[in-house]
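In structure tokens below, several structures.
Both complexes shown next keep chain A, but they swap its partner, so chain B is in the first and chain C is in the second.
On to the complex of A and B.
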């Protein structure tokens, strides 16, 4: 598996898109720091961008890479290599290089600015960790979609729809259900609903750590009580791990049964 | 070398293999023939484990291929359509496959044989169909494995390369290897094959030598014999 990982990683590192992605974060980081002149504020702005952009890039990159490497996969399948190694290696290559672009692209400007001396270091680390998780999750989901759809256009469409659903539509539905059922106690419902969407989960996690839960208003207090504690943090992290592991497991399971 | 028992494969509603029983002994050249869509490639891909069969069993060198990938160490495969990652250079591709298989290889001789030196530094996406097929051949022949599976090896080759390919196949046969070939060029099959395996509608319709086939169909050349076989009753 490590060899496949090595090859797909090199392949991506050599491609222009990894650099574009890396440079984008690098410039974003510098610009935000110079405009805000404050690490904590920059973290908040960054969060708003990361929460939407990272899943989108993960999704599109994942689908594109899978379809583009179809030939490579077919070549590998005839070699004495385990199937799960081929797919896991490819997946980790994509997710790994995307995560690296994110972490380095944002890390460098913040470190240069003096992150280690600021007290925002924990918030910033949390931001990068959730960013990495979102990359892993959405790349895995998009690999799943691509694996189940031979038709590229369809696969691409489903992947973008999935992103749109989790990033935008889900929130709308969530909000509407809160309004419709406002007569009822909604604490556990809203907690659960947040858990079932990795984007919402990441956003809530960061917002509450940033101590601006007042912005959340309505359910803010409940959320603060849950996510603000260490137990809440651990449970949310576990949820993110679950969101990563389940699609990867399905990827391995499905790839074993697929005909090429 | 290969034992296939009662192999079934469906793609959706399309039943491609309907109970194939096949026994291929060690050594010799076996040609898998059949009309388009008769399941030749599916059979080959099933042996390679690229297609997962619905029913039946396959064993290569006495070991079942189910949940097994190590048996592919004994197989060299030449795919029908040479689809390679386009952004790799020829040299990088060869190096990568060598690295993945970790076996002694003799790619230099083959590169020389097919005159590929000028293309080594070029990207695969810029190569012509015939040159790609040559690269394909280098990859398939560079390792020393007891079983060779060639799916349409002649596609796109110029006459000179075709002659070299035939020599190469004969040399491998002389080394005691088992070679499985599919082709629609009957002249090529007649020249190289020891035995014919004829697939029709997902079943083995005929297996035997070329002479046997000619007598059975009372034809004098292989091309006509193959064309006539489907109309001849199986027990005739």
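On to the complex of A and C.
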């Protein structure tokens, strides 16, 4: 598995896309800090970008990479290698290189602008950790979609739809249900609903570190009580891990059964 | 200055006024004995030491002057100093352990139906009520420090309380850890300047039925519910700072049934709600800074002909929140950090009007739980569409001349 991971990782590093992605975040980080010159404010702007862009790129890139390397996978399948290690290696190669681009691309400018001296270091670390998780989650989901769909167009369509659903439509449905059932106590429902969407979960997690004063209004206190404490942080992190592990597990399971 | 003059006058007219020293080795060992022996306009010089006394009744014009902060320990027995005479000065005392009662409001210093009093440089600790002015006009409470240790609202008192007391000056006091820092009821023409009121259980400053009062350059920080101004007319609030009043029902300032007030040059920073307005009319808001609040201004209804001009709204989660579609208030020439318009003719005024009420704030008003969707892409999209064609928010609520640069 490690060997395949290495191959796909190097393959991606050699291809221009990782660099483009890395450079994009590098430039973004520098520009944000240049315009703001305030590390903690830049973190807020970054959050908006990370929760939208990272899942999108993870999804598209994952689908694209899978379809592209399909022939290579078929070649590998002919060799006496375990299927799970082929697919896991491929997946970790993509997710790993994307995560690396993200972490390095954003990390370098922030470190240069004196992150270690700023008190935003915890917020920033949280931002990068959730960014990394989102990359892992959405790459895994897109691999699943690609594996289940032979038709490329269909696969792309589903992948984009998945992103659209989790980034936008889910919130819309969530909002509607909150408005319709507003007569009922909704605190635990809304807590649960955020848990079931990795984008919402990341957003809430970061937001409670940043926009605290607004969220402390009536219901905000409930969320603060949950997400603000260490226990809430641990549960949310566990949820993100679960969101990563389940698609990977399904990937391995499906790949074993699939008839190529 | 006026008070100083009065004192010089007294010293010149009553040359016979003498000084009675009080200490553990002196002839007079207790403050209450000193008061009994003194004649009008004498000075009681209380030397350093601890005096275990309570219910000290001052019924003649005296000056109680503490040297190096003598301690008057009430041993939780009851009220400590009660002033029932005009022209009394209390200066430089350290009063601790005021009794707690559920039937009478024991205070460290209570002034009853007296005039021309001066209470200054007093330090109060472990108190129930601090300085209680009751039907006493024309006095001054200056440079005192009140540090309470209140835990529950029901068994704690207020730092400085004015009840039917007009023309009083409350200046440079520090009040913390009591129920209400400064409380005014039926007190007109009161001036409250340069005070710091922080970490109080309920309100930093609490106004009830008090008209024509002015408060300037005070700092209200981290109070249970901020500052409440209720049922009063013609109040001036200038240059105050309201900071970090966080909590489920906390606000920088609550205005309820306030008419014809002037609110200018204040800073509201990091409060859950900057100003909460209810039933308040004809108020001028100018040159205020609203920085990083959850809601900068929350309008709850029945607020007419208020004008907001030249204010800075910086990085608030919501700038203005309305709970109805009706608007009779004017927003003009404010700076909004969320403004995205342009200024082609470069006159410093944006060419596109700004809509301070977001659809999201309307939704949050209706269903508070939706706050969990703050800053999500979906919310941004519907906010944008509402901005383009308002359906739910008051469509005449806009700042036609939003400024491009911050008001200094």
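In this section, the second predicted complex is superposed on the first by the 253 of 260 C-alpha atoms of A that agree within 3 Å, B and C clash if a C-alpha of one lies under 4 Å from a C-alpha of the other, contacts with A are read in each partner's own complex, and residues count from 1 in each chain.
Just so it is clear, a residue touches a chain if its C-beta (ideal position, glycine included) is under 8 Å from a C-beta of that chain, and two chains touch if they have at least 3 such contacts.
Model, not experiment: these values are computed from the prediction.
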Which partner, chain B or chain C, touches more chain A residues: C
Partner chain in contact with A:167 - chain B first, chain C second, else both or neither: second
First (chain B), second (chain C), both or neither touched by A:54: neither
Partner chain(s) touched by A:3 [first = chain B, second = chain C, both, neither]: first
Touching partner for A:80 - first (chain B), second (chain C), both, neither: first
Touching partner for A:69 - first (chain B), second (chain C), both, neither: first
Which superposed partner A:26 touches (first chain B, second chain C, both, neither): neither
Chain B versus chain C as contact partner of A:259, first or second or both or neither: first
Partner chain in contact with A:11 - chain B first, chain C second, else both or neither: first
Residues of chain B touching chain A in the complex: 11, 45, 48-52, 69-73, 75, 77, 79, 83-88, 96-97, 99-101
Residues on chain A engaged by chain B in the complex (per definition of touch): 3, 7, 11, 14-15, 69-72, 74-83, 256-260
Residue ranges of chain C in contact with chain A within the complex: 246-250, 270-273, 292-295, 316-318, 363, 366-379, 381
Chain A to chain C touching residues, read off their complex: 47-48, 51-52, 167-169, 171-172, 174-175, 178-179, 182, 186-187, 189-190, 193-194, 200, 203-204, 207, 211-221, 223
